[in-house]
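In order of appearance the chains are A, B, C, D, E and F, and numbering begins at 1 in each one.
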Amino acid sequence: MFFHYKGLQFESTPERPDPVFAMKLQELLGGHWGELTVAMQYLMQGWNCRIPGKYKDLLLDTGTEELAHVEMISNMIAKLLEGAPAEQTARACEDNPMLAAIVGGQNPQHSIVSGGGPVLADSAGTPWSGKWIVASGNLLADFRVNAAAEGQSKIQAARVYNMTDDPGVKKMLKFNLARDSMHQNQWLAAIEELKDEGLEYDPVPSGIIDEEFDEYSGQLWNLSAGSDSAQGRWASGPRPDGRGDFSYVDSPEPLAPEPTPPSADPYLYATVP
Amino acid sequence: MFFHYKGLQFESTPERPDPVFAMKLQELLGGHWGELTVAMQYLMQGWNCRIPGKYKDLLLDTGTEELAHVEMISNMIAKLLEGAPAEQTARACEDNPMLAAIVGGQNPQHSIVSGGGPVLADSAGTPWSGKWIVASGNLLADFRVNAAAEGQSKIQAARVYNMTDDPGVKKMLKFNLARDSMHQNQWLAAIEELKDEGLEYDPVPSGIIDEEFDEYSGQLWNLSAGSDSAQGRWASGPRPDGRGDFSYVDSPEPLAPEPTPPSADPYLYATVP
Amino acid sequence: MFFHYKGLQFESTPERPDPVFAMKLQELLGGHWGELTVAMQYLMQGWNCRIPGKYKDLLLDTGTEELAHVEMISNMIAKLLEGAPAEQTARACEDNPMLAAIVGGQNPQHSIVSGGGPVLADSAGTPWSGKWIVASGNLLADFRVNAAAEGQSKIQAARVYNMTDDPGVKKMLKFNLARDSMHQNQWLAAIEELKDEGLEYDPVPSGIIDEEFDEYSGQLWNLSAGSDSAQGRWASGPRPDGRGDFSYVDSPEPLAPEPTPPSADPYLYATVP
Amino acid sequence: MFFHYKGLQFESTPERPDPVFAMKLQELLGGHWGELTVAMQYLMQGWNCRIPGKYKDLLLDTGTEELAHVEMISNMIAKLLEGAPAEQTARACEDNPMLAAIVGGQNPQHSIVSGGGPVLADSAGTPWSGKWIVASGNLLADFRVNAAAEGQSKIQAARVYNMTDDPGVKKMLKFNLARDSMHQNQWLAAIEELKDEGLEYDPVPSGIIDEEFDEYSGQLWNLSAGSDSAQGRWASGPRPDGRGDFSYVDSPEPLAPEPTPPSADPYLYATVP
Amino acid sequence: MFFHYKGLQFESTPERPDPVFAMKLQELLGGHWGELTVAMQYLMQGWNCRIPGKYKDLLLDTGTEELAHVEMISNMIAKLLEGAPAEQTARACEDNPMLAAIVGGQNPQHSIVSGGGPVLADSAGTPWSGKWIVASGNLLADFRVNAAAEGQSKIQAARVYNMTDDPGVKKMLKFNLARDSMHQNQWLAAIEELKDEGLEYDPVPSGIIDEEFDEYSGQLWNLSAGSDSAQGRWASGPRPDGRGDFSYVDSPEPLAPEPTPPSADPYLYATVP
Amino acid sequence: MFFHYKGLQFESTPERPDPVFAMKLQELLGGHWGELTVAMQYLMQGWNCRIPGKYKDLLLDTGTEELAHVEMISNMIAKLLEGAPAEQTARACEDNPMLAAIVGGQNPQHSIVSGGGPVLADSAGTPWSGKWIVASGNLLADFRVNAAAEGQSKIQAARVYNMTDDPGVKKMLKFNLARDSMHQNQWLAAIEELKDEGLEYDPVPSGIIDEEFDEYSGQLWNLSAGSDSAQGRWASGPRPDGRGDFSYVDSPEPLAPEPTPPSADPYLYATVP
């Protein structure tokens, strides 16, 4: 169960409105790697975590924080949209190319649909999707996704940071950037902790390791012309999982012949010989 | 440019059809973490990689291999669908609950839409989406996603592996599992190589680090009841990025007051006081 | 079965083209609350209405009218797109920021995909989705959605109305606004009629009322800081459904302890203690 | 900002697992009218509410409660999935049509993707979409949607309630049904309060009323054969908005002639006469 | 503008309910090539057709007919769902694997969401999308899509026809199959008429033909191993467009060197050498 | 299995960047009829083709070529985005409406998400969907879709061709236009070959022809006012399938009476009389 405080986790006040930037900031709210994604991702992972204690609590602490970020960015977008040109017409734009550019650069739904508030969509207007969260039940696999998610979302925050010179927006983003650093750090630390405690090891999921064809689990197949890829540590020497060495297959060939297509049920009306 | 061999990378022949399992196997073809996702993800990262040489080649080698996996799984699904009950009616099922169960457990589109072949959708029938690939241009950030993707897809392959006892299917999956291990290993190795070569470092993206509010980049906010999360290495001691120590905020408070909503343009017809 | 007249329900002719506005007008055609939504919603409700007579006829009368609105808006968008800058290049824009702004503010698909006609998408380019219609089979529940839909669509029409000064567009929208008023009125009237005739009553669905835990059906839980919400008629006094009084739970507590996560099947490779 | 309690708002423990029912229960979690929809809808409305005080607080109280419902249903689904047949193969099903039926009736992603936990999708596996929430900024319009949403979600809860005889599931749903009743009541009460306080009136949005063509705002157009629809209170007598009377157009005719299609830019390669 | 008749275009009455088949029949209603697709496709093409007269009228005649098909299939699905096991629980299924299979083979939304009526989705539950219609403004290009659409939808109708032995369903489908034949015939005839009248010719769009690099418009590149494809009429001899001969490129080579990736703006934080 | 060459099929180098055009070019990469659609469509058709030999090889030759087109367009988009205004803020735009227009006309995700590379989406930002490919197993039906697809994609390429004056972009598009011509020609030729070899005939699928109600397979129903449509070759005379003549139904009537709605299970809480 949750309790909501009216205060914000961090100040979220632009110096002045900027509707074109508001559309860009949507990426951090309702984008693939936006705040709603990580909020729902960590909460779903936490609720379904089979180990009581520190991992579960960490997931729920962080998921709950991300809800506060959803709130902060939502508030910021609404303020950036204050006074956005809702009633500016083609005629009004005619003498004012700058106004025309602003009208053209906005997300029209910021006026028409949400009436000056945010939408649950990304910076291209694509609605947020429940497929964007990941919660597999395997903590090592999921913490890898979490660390990766914080990396992608920090890159996006960094890019957006340079698209504004509004001191109020930049101030909030400096906080968000720092939290993205913390969360990258914490998931990387949690990955180490999981492995140190013997709960999981690489490659995930550890439980299936005996079933796989081991002879193919270290080979790099050179399938794009040139063997530049032979020069990295992924082509020879010990593998990070400590289970053997890498090797390089310079001129790979198909291991199986051309398959014979299955015969077709006549009721499928497929074209047959 | 690509060239296609008619042979398959690895043998992909079930001992007998199994249309219910074919639906499950769709997850590995057209699912969030299926073969089409990693194929397009690595190719897009590779084509847009700014560093000529080993990293770019590794991405294109692997993306090209994943196309062969799309082909293998597609072929397997078609063979699993051979003779699937395309013309079995309610009357035929009436005396045969087993047939009824099979008919009910299939993806109807495997007959109606694709005529005994695979669809570009996951095991719940959701179509593959272009939003599922990641290519940010930052290699460390993207390799993290790649390693995470191979973990998720190996878990899914492992789960599916246990849902069949068909020796032919299991044989192919033993190969896929091994390749998932290789790819986890190679991206983990590539992450180390990138950092060793000084091309990127944690937290990504390294170039923005001076802009963030450093005082918040090590704090764990305890926002879910109980302080179990204080017991992990993410709550105290040195951070993985080597830039300072973690700290624990046991009773966090909002840092900003309740925000004042922006005033509303009358043409938005928002409700105002 | 339907018959189509070539004439339009109402005049739909702009004074002059305006491709930027055409993109906005898409919200009223293919948006969440656009004409296609209400057309399909009322028709599906009508076809599936179990009561022959006035309710069914009202649904089909109105759904059929909404198809005429789909036609009117489609025609208007095509006319607004007449002569839209299909061949204007970067070079042509260079000396003409106003042209650049128009090119930038258009939906590119209005030229590339539909060749100067409308698309079945909203003002942000998101395709219309079959999930946007509602037809539950319960008339009171569905008429509530219908009245709400007409409210949302009228707000959007009103906002769009102020984004143009074209007398032809405004003339058509004055008609659409009036029809949105009519439809709000008619669904509100139909809600009253349903209740007066004893066909349904609040809260919907009436048939389940004896199963619910009555002690929780009047409580307002104060879960966001502050008790401002205690001051409304929803916190004390009689409920609209006439089944009891509201009450205010000022300091709510969870009614159940922390749940124990289910044990995990080993074949799921979840992380377990 | 939010704080999370480990306890649940209400007990959520099934007597025994039931993976087929778990798939159905997804509708209440990640469906069009599921808990995530109302949670995000009320929070977004609340954060963007321009009137400080009781309406805003009511929205945030209720949105925060809905997050607790997301948690309860998520927990219930995970428990219903305990021991779901993750490793049951075609061979195992052969002698056991009941097992085959269970395997066929499950959402395969409950094993393959989420490892025994819920997904953010509905009962047909369609991912939750950010387009399903509504927050227009007009409180009367939005409260109408809110009351309608609670009606739809209560119908769905009632239907699902009858698809199980598990006392634990039914106990939780009795609570959910009651909360749906409360929320229908509260939004209906809030609609009255808004109107009594003169903040909004019908038809919404009140501010545009003078612009519309009044002669069309009371007419029912008989566009589906038969005049059964003339018999309701929506066809004659006073309108609910108090702004005039209804009238019935028995044999409606198009008010405008067949439109002339716009001429086509040659660069669009449209077919022209 | 449209007028609706209460009668159906053709009889649509099953002999008895069959909820599992109802799910399959959804493909013909809300699938990629279902009735809603062709209805909206022909209407949008017709409304935007620049040539008054026979082509426009044909499009609108047929689009209007397809709306009647939407109605027929919707009605059939509702009747097939009559008495579908809405309240059958796990316990009831335990002794009745046949019932379990039926429950598992249904679309749960047919009960939970639409209350015994159709949904606007396909047989896998994927919602209908506005992206599935095509209307480019070029009649030859669009008639090609129309003829292709009728072929796909007839295949799907034929497959579904063999999945039932209900005489009532089969009777309706015999009509639908015939209409699919008619519509294939009419679009093929219209393609010929367009070309005979000199309005368009192959390859579409005819207006761009002088701009393309003619030397590449007849070459078949052999990019999949083996030269079986050299044996068809597409590899040598005159082309259907009458503009030259086909030729076969047996061992194709890239025509351009490896591209140099663009340099990266530092604010994008891409990894650079 | 595939092999990748580093060289491009054809030169793909713009003279100078143009981020606004890059957004438009996305339609040819990730749009409904873009290169990814035809690549996956032909490969899936080829892998599932039941006839070994020339048809299968043709499909795989062409599908493999389309992957090279995905690569060419991806590369072009990245180059067009070089130096796109990633850090241009509202303040910088204020004195420079041209810059403002460019910023407003871009897809923000080209900077924020993909860091100067392409996305797998269309020109309106809608993600590519697995539903956009077609592979039914019936070669005649699928080749019709293929010919239609090449027509639509050539129209889009032609439109985009006129939206740039960059000689490098135009040079690449001259090649793409020629390949679209080739592919239209080859699928039209393959349709003839299939019919000449007696593998399929019109209307598809030929195997169902005896089941349909023949009396309705030649009638044109005049359902939109006016009988202009009687004047085409689709209204009288021999049908293209050679199976009879067309006829014209000038005043069509419903063939079935108003349907009786099915009775409702009480547990569905539908509104009943």
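Annotations
Definition applied: a contact is a pair of C-beta atoms (placed from the backbone, for glycine too) under 8 Å apart; a residue touches a chain by one contact, two chains touch by 3 or more.
These numbers were taken from a predicted model, which means no experiment stands behind them.
When the partners of chain C are compared with those of chain D, the chains appearing in both lists are A, B, E, F. Listed candidates were B-C, A-F or C-D; the one reproducing the A-C interface, defined as more than half of contact pairs identical by residue number, is A-F. Between chain A and chain B the centroid-to-centroid distance comes to 11 Å (mean Cα coordinates, whole Å).
Chain geometry summary: the mean Cα position of chain D and that of chain F are 33 Å apart.
If you average the CA atoms of chain D and of chain E, the two centres end up 29 Å from each other. Within chain C, residues 1-9, 32, 48, 52, 60-61, 63-64, 68, 75, 78, 86-87, 97-98, 100-101, 104-105, 111, 113, 115-116, 119, 121, 124-127, 129, 131, 136-138, 140, 155, 158-159, 162, 204-205, 207-208, 223-224, 226, 254, 261-264, 267-270 each touch two or more of the remaining chains. Taken pairwise by the contact criterion, the protein chains are fully connected, each one touching every other.
Chain C meets chain A in the complex at residues 18, 20-21, 23-24, 27, 31-32, 97-98, 100-102, 104-106, 122-126, 155-156, 159-160, 162-166, 223-226, 254, 260-264, 266, 268-273. The touching residues of chain A, counted against chain E in their complex, run 155, 158-159, 162, 267-269.
Chain B contributes residues 5-13, 17, 32, 46, 52-58, 60-65, 68, 75, 78-79, 81-84, 86-87, 111, 115-116, 126, 129, 131-132, 134, 136, 138, 140-141, 144-145, 147-148, 150-152, 154-155, 158, 161, 174-175, 177-182, 184-186, 188-190, 192-193, 202-205, 207-209, 211-224, 226-234, 239-241, 243, 246, 253-259, 261-265, 267-270 to its touches with chain A in the complex. If you check the complex, the residues on chain C that touch chain F are 1-6, 48-52, 86-94, 97-98, 100-101, 103-105, 107-109, 111-113, 115, 119, 121, 124-127, 136-140, 194, 199-200, 204-208.
Residues 1-9, 30, 36, 40, 43-44, 47-48, 60-61, 63-64, 67-68, 70-71, 74-75, 78, 113-121, 127-131, 133, 135-138 of chain E are the ones touching chain C in the complex.
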